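Chain IDs A, B and C follow the sequence of writing; residue 1 opens each chain.
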Amino acid sequence: MSFYGLVDGSQASLKKYLAALSGVDQTGADARAAMLATRSIKITSKRWAIDTAISMVDLTTLEGADTPGKVQALCAKAVRPDPTDSSVPSVGAVCVYNDMVAVARKHLDLIGGAHVGVAAVSTAFPSGRASMPVKIQDTQDALDAGASEIDMVIDRGAFLSGDYIGVFNEIVQIRELCGSRAHLKVIFETGELVTYDNVRKASFLAMAAGADFIKTSTGKVAPAATAPVVLVMLEAVRDFYQMTQTRIGVKPAGGIRNTKDAIKQLVLVNETAGPEWLTPALFRIGASALLNDLLMQRMKLDDGYYASPQYVTID
Amino acid sequence: MSNRIDVKKTYKLFINGAFPRTESGRTYEIKNAKGGFIANPCLASRKDLKDAVVAARAAQSGWNKASAYNKGQILYRIAEMLEGRRAQFVDEIVGVTGVTKAKADKEVIDSVDRLVWYAGWSDKLSSLSGALNPVAGPYYNFTVPESMGVIAAIAPEMPSLLGLIDSIAPIIVGGNTVVVLASTKAPLSAMSFAEVIATSDVPAGVINILTGKKDEIAPWMASHMDIDGFDISGLGAKSHGAVRIAGAENLKRIYSFKSADPGRILAFLENKTVWHPIGL
Amino acid sequence: METPVSFDYAPAPESRSLVSIKPKYGHFIGGKFVAGSKHFPTINPATEEVLSQIALAGKADVDAAVKAARKAYTSTWSKMSGKERGKYLFRIARIMQERAREFAVLETLDNGKPIRESRDVDVPLAAAHFFYHAGWADKLEFAGLGTSTKPHGVAGQIIPWNFPLLMLAWKVAPALATGNTVVLKPAESTSLTALLFAEVCQLAELPAGVVNIVTGDGSTGALIVNHPGIDKIAFTGSTEVGKIIARAIAPTHKSVTLELGGKAANIIFEDAAIDEAIEGIVDGIFFNQGHVCCAGSRLILQENIADEVLTKLKKRMAQIRVGDPMDKNTDLGAINSKEQLLKIRELSASGDAEGAQRWSAPCDLPAKGYWFAPTIFTGVTQSHRIVREEIFGPVLSVLTFRTPREAIDKANNTPFGLSAGIWSEKGSRILWASQQLRAGVIWANTFNKFDPTSPFGGYKESGWGREGGRHGLSAYLKGVGHE
């Protein structure tokens, strides 16, 4: 692989590439994200924004208690979020553990959801604490079961200990494994990387290693997809595009629970990476409860009065 | 012995650590209290002032950079040197002003003690005028006093030595450099004090002393655009208005003081406030 | 799914119905509104609509105001304990908070600044100034300003149009806390929030005459400056007028503080956090349309990152939303007056004439009102007028440097010394640069931040004295430091 000509795969070149990155001032990034949160969008754009947000949702269940029944219900919701309104778009993908990928794929195909992807969390999700052969096998299982998107976690321990080349090589190997079969999303678990400097560094590392998407969090660690973290990642994909003419996607996951949060995310995308990123191909939101709030807000736009949870399906 | 002809001193200016004559060649006559001739000190010109300001400006950043500890030690060193030459200063004060020896001695002792007092302020100014400001946000914010630059001063006529020290020490203790016009009628102790300074580790240009006429020099000081502040304590009140008007051209900080207190030091310090975010 | 052409922000206009503007205003003297004789219009600079008629105070009005202030000082305010004075200030702070939205809307209508700024910056900070100073009123002996602190008496205060209410707060709060009474004149083009503040004084039951507000132009200001019944002058405005005031009061015993102009350098070192630096550059020069005395109007870029920064800056500038100040999404509002717009145009034209390259962000400017697109000039040198003179508008001049020493020398190469910015991720360099810069406020890795606890004011020709913090109190107390 060429790594966009940015690094040659050696530790030295990776170190140099990462050392050239500018730092991030936390207070400044927080202030910028807070300022963008005050934007309000047009009612006419709001309908579009809600539908866009729905189409960007990676509808997620990642529980020890997941069963085929639960996953099938999720798939039904993913394909037709509002059974009473066929104008509501399907979500981007369902996101499950790899043992549920086959169930999800089969059920989606069964109910007319062939266009909805199945994302599998991988590489010893959520901690990433396993040997590389296990991580490869984990990913291979998911691919074999029909996953079209792989959401891998990075080894945060390796990253924090400075073993950037170790993290890089893991991503490169998983990328090779995915080949053309699946999109690769790389999860940083920004709540464990802690600093925005680390988030920026991880973003550039993952992008050079071949990530199609960079993703904030597993949803298992707080804080997760805070606005400033997403801002820093959007700045990274914007700058990476300047360097390579390649657009990398961004996926915030965890903590985005209502329409207001989702629209704030879209504003961040619009003003930071630019409107080219306002598509499910380049922006996804990992969420579960968010979808119903989007549906309720959509109903409110249609009817003019506030909706009740009674009128949206729980799964 | 009694037939010996004394060697009289030629009183010159003190600019940039050297003792030049006035470039104008002008002098004026100083007589003792009984009307007898004592000396011909220089009548400083506008160009002498200019040279002194150039020297003071050149010396300022280096003096400002010296640690507060170092500045305090140098001021204390001046006191030490003055202490050692007390008798000479007493004689000069008595000779020029006609005061009693006891009174002159007190002025010299007070001058030494005043220098010691100012010396001790050098490393306490930020405690006096600094602040850590609790702003409402994730910022570290502090205010520190800083030197203002080149300060001019008109020393009072009397007491000629103690007044001169009050016109020099509070200005330089915070990192400024000074161009001071000494007492017109009693400039001799000022010029002898320059000799004390010259032997006290004070860097050249930090203290510059002129002798001459207030009404001539003060307007030039007031209008000089490279002078940042002006102590007019020694200038007659009726001239203050005109000097302040001239000084407004570069918004010179112009003050007059009645006593020696820390406010005299702070008046010629700026306060700088620095903000920096706090974050990971 | 249909994709709209663009992701449009709503015109999210703040409701104007929050404020009622009278067709005509008088002065506030001795606790009452009194009719003026002559009037002049105040307009909304975003629409050129006449909002109201403002009274032009003449000699008789200023005399009456000074008399009322003197009477209040002698009979009431100087006799009141600091504890009680403080409680009035607390009351004022609270009422301002309660009526914050009203103040914000009125400020935006009269001044042209974006509602986001009047709502999030001007008004909350104004209330905070009263709250902060209220606490000082009964603690002055602990301010480290000497043991015999006494107020001057009657303070004459003249404030500018760029932060009308906030500058009022900066002036009135410390004056009252220290026991002075005031005669305040708001700027000619922005009197409305001061007049609403007068109502707040009434609601707070502030003793009559403690705060007097006379409206008018420069001629009214001159009457205040030269009034023999005034003990202290506080002025915020141009260096030019500051010098006139300094000369006017020179022969008198009046004490004076001046907050004047600036031409702040905003220095970006190669190791800066670039994205935050870009935001800092934007905040530095485009906050409040650049109508800020401490605006970072000189961008001083390390040469090896100049291209990268300028590319990013232009991209960011293109996103600045220029237009209706009442729209909550607006970033850059209207230029405050036609006169100011002409000044900005004239100085910008000098940039063109002197060979600089002008670049303005592409934006649609409204047909009515006074507008100027966010603009930068590159290819400028220290000798260009646009680098030397305060522009007080959304216009940035860009210089480059090779070494830290050169950056500092360029930054300090001005008679002004109000503020400066430093962007670097290296702590020792920030501290070095902040020591070297000759300016009263240094923002390192941030810009245009204000707080009542933080002293604000300039070196050199940017003024005399500080406002805010305990340093600001000294301006309103006699015998602090010098006579």
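To be clear about the criterion, contacts are C-beta pairs under 8 Å (C-beta built on N, C-alpha and C of every residue); 3 or more make two chains touch, one makes a residue touch a chain.
Computed from a prediction, not measured in an experiment: that's the story for all the values here.
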Those chains which touch chain C and also touch chain A: B
Of B-C and A-B, pair with higher C-beta contact tally: B-C
Chain closest to the assembly centre - both centres taken as Cα means: C
Centroid comparison with chain B (C-alpha atoms), farthest chain: A
Chain centre separation in whole Å, for chain C relative to chain A (CA means): 44
Centre-to-centre distance between chain B and chain A (centres being mean Cα positions), rounded to whole Å: 70
Chain centre separation (chain B, chain C; CA means) in Å: 37
Residues within chain C bordering two or more other chains: 445-446
Overlap residues in chain B, where contacts from two or more other chains coincide: 137, 139, 277
Multi-chain contact residues (two or more partners), chain A: 25, 27-28
Residues on chain B engaged by chain A in the complex (per definition of touch): 137-139, 277-280
Chain C-touching residues of chain B, taken from the complex the two chains share: 128-129, 131, 133-137, 139, 141, 143, 146, 148, 228, 240-242, 244-245, 247-251, 253, 255-258, 263-264, 266-267, 270-277
Residues of chain C touching chain A in the complex: 1-4, 6-12, 116, 120, 271-276, 279-280, 319, 328-329, 425, 445-446
Chain B contact footprint on chain A (complex, rising order): 25-28, 30, 194-197
Residues on chain C engaged by chain B in the complex (per definition of touch): 128, 144, 146, 239, 242-243, 246-247, 250-251, 258, 260, 415, 430, 434-435, 439-446, 449, 451, 453-457, 459-461, 463-464, 466, 469-471, 480-483
